[in-house]
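This report refers to the structure that appears directly beneath it.
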């Protein structure tokens, strides 16, 4: 039985706890959270104990940690967990500062532990099926990628202040998708953005609407468009043009009901937000993590991927702020 | 130049006039209608003359007639046109009485003239593409046919009184589709119906909603469902299940616009009614008629098809009225 | 803690065991199966014990039974469970003989126990959303129902021999959908069928392709078409025409990937068969059963529904065999 | 009767001739082409005469000209037609050199004649319906535009050499769409491109794959992606994100047939290329031109629009060549 310590008993922590509990041969032993009450509720639900980070990391029975606490704790927990020899699953981002993220990657490498970063989109059934078909050559060589990534609504301004900005907070997922789908990396980045949904976003020095262009080392082209607000819900699509065709990943809908009235023929809105859309992805990434640990195979989303996505987010932030093309 | 006499200057007559005018090597010479003013307007538009039926049929320059006048005139005009040696295009139905329809078919055969019945649906781009793919064996042997055929709204009761009833007036098209798509014929018919949209329909001894089952001679199965009222417009779909797959013919929409709002993701309603949906079909059937005349090849929808569809409509009417399965 | 005895450790039994295990406040105590090895594996997985039916039903700690054993055991187990005062969840059908099914219903009523029949389709997210929207009046009064229900392939002939025939085995679900969606009942049934996929089906006196027409007491019309074989997979659709529009329930697909090549624009096949398509439905029906027990509210699919669906299946079988319309 | 001189008897000239012939109150009087045989065939078909440009422009009976000859003749013919007081319909582009295009615009203004540029996409039923719905406020204020514009295959290298480059030849339409849909103009342009489909494209100093980002004066954002090759055909889509929703314009398909086999569920490819996709648009733009002349109302796509789209194409070309953001 592999025993697990979970850091974070909030929204994403609860999802990870449920998925950890579902893995055969895996047990949740500790829940760690500054909010003792939340930790207690979650621990009780899964037959685990509340503990401090020190206790959890010092327990030699703990083989793996799952880090779902706030972003500013990630780097410290990764470093300490690596030092304690634990296998690590950590929510994105590694850190908002690329230097600290690189330090974490170095610490992981020194310790020789597994460290997986939670880019759950790579495990989404639609996205991963698309990638598998791309890899079989079904549409030939990929040439162009267009990513649409829109949230149903902006988070509170308080969150935005600590978010690192839209490129690090929101587009970091899209940068990872870009690298994964094209199996290539960025040679240059151009980004621009606007405040179109709420002036409050601008008041904290951020934007809510962005467009990004990436050229890859092999000359392929990618465009990303994002918005903090899509009135119709969570919009998560991308398409790849290849030399012999196109693959498109569409939104998921709650049901397959169509209604035709005197006004229109209509379908459900997309699944509302990431908890709904990526429910399966969260389960599949956790299964992948423990499968990789069990079999000794590499994880699909390494800490290097986490660092690289952050570097692209930094480059995009620079491009937007300085109004210039950033070469990488 | 092939000269043509057109009977009927109403809605469908005007469509046929326009399509006749577009055929190369074909000219509209006469327009015949009891409504002299309507005939005059239509004749003027196409550089034709208003004439009586006698004059038009007596003119040896006239090689073909197009009959788009009221149903009760069809049989007489077919018979006289055949006797005058004219090639004949006639709107469905041949007649509401199957005996008279058979007499017309006999008159056509005796005269040795071409006679095409206007089952325009066989020329609809979607329906004819489906049929062509079925004929290539793309889905193997056809086993089952499901036809959905709904009008946007019921015609006036005055029309219903003279219509011959819903099976002869509306389903005659669906019976023709059934025979054409399955390339088979009915061994038995079961039909039932209800008055669900407007009690006025019942007051003239008709129904507005029907379901029909046909077994073919080879044991294939077909279902037809119809309604005089679909709030969302003209609904014209069918699907064929075959041994290796399924072919479906969907509705046509005016545009490919999709709108996503906080309420729904919606598309256009289907094209509103037969004039919109079958605009291309009306043009293609007329081109087919004159092509067949020019090349001496058979027409796709013969008077025998017209008679047979009427026989099925009669059988369905009997099944509904007498509440029994009718063997054919 | 509500303790449960499960009868049947086969395919459907394993699904129910997993869903029982997921209910809060519910524990699987016994697994009963003539195949001791299968029972042992399933019991071990869920921390339950293997037991005989006698033992399980005699244990006063057992509050509910879940019957997923072979059809010929249902009636006996329902009767004995009812006598033992257990709440009952039983897979469809109650029995293949309507008289025995009615006896079961009487036994349940005498015992005053809850008895839910596993018409899982009513719990499918798409179907239940459609029903909820219909009930809000979104499309006005329902007038017509068209059900398409096709399996990916026929079961072995050995199964067919014991199945009660296609109307009892396969269409029983569609008859339940019909009653549930229209909130009405059949006044007459007409059914016919053919052997189109495999002569072996005919050799055991059954058919593999059927079409059924139902008239309801209020004059509404319904058509069902079924086949034991759809090359493209499990086809589970229906549509309701109402006075103000139409509601359609479409198939579920594994992913939302679209591929465009030089040949076509294509999507995934439907989810392959009932275990995939109704995975959510099986979970939701079990949650509903235990919620109803906990709250004392009625179950959505009662034993009376099971008896009535069987009566319609019998009527359809008679209609097909005797080639006549059956009045109810 | 308004008499018209047509310049150009090639592919697009023949389409325009047919559409001119269909306008009530309009007659095609002259066809002008350096290829006398082509001119003769087209003139004969429509009852017109072959003439030189001089003759056609000198004839006071000619009220309007339609210019569909090669790009290098546009400026000269516009200038001379304006000087002769003719109303002008001219295919895009006005000229490949923006200075000459501006001179044409000045000549048109001095002469006070109507001059419409053939940006037919504005007349496409799907695109114009989308624009109309956007204008009603159905999705609130537009914020972001994403345009996908791909040809089925690259033209011959000989054509590419004289084309002015992909931004002027192909994207000029997309720049016009951008201005029209957002009712706004570009403040900055960033473009990059690659040679991904055929090295021959690179050998003439052009690219075949491009991505363009535009910021508007009001801070809105637009992305355009284009390719000279989409294996699946002509891909002409765009979508507008607004404050209250999204409008999408999809491809048109030849038929509404869906086929489901053991492999996939598939639909038709998009209509193959611009002659098929924009057939209705070509007819509607010509009707609009003559309607505007008859009623004295402004044309929807003026020569100023033609000049402005060319300016954006020039800016994009500069951005791509000089690897910099171009402010406008």
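Details
By letter and in written order, the chains are A, B, C and D; residue numbering begins at 1 in each of them.
Simple rule for what comes next: a contact is a pair of C-beta atoms (placed from the backbone, for glycine too) under 8 Å apart; a residue touches a chain by one contact, two chains touch by 3 or more.
Bear in mind the structure is a predicted one, so any value in this text is a computation, not a measurement.
Using the mean of the Cα atoms as each chain's centre, the chain most removed from chain B is A.
Each of C-D and B-D has its own count of C-beta contacts, and the greater count is at B-D.
Chain C and chain D have Cα centroids lying 58 Å from one another. Distance between chain centres (mean CA atoms), chain B to chain D: 40 Å. Among all residues of chain D, those that touch two or more other chains are 139, 230-232, 244-246, 259-262. Listing the residues of chain D that touch chain C in their complex gives 230-232, 259-270. By the touch criterion stated above, chain A contacts chain D in their complex at residues 139-140, 143-144, 146, 148, 150, 188, 190, 192-197, 209-211, 213, 215, 219-223, 225, 227, 229-232, 235, 241-246, 323-325.
Partner chain A is touched in their complex by these residues of chain C: 125-126, 129-130, 133, 138-139, 244-252, 254-262.
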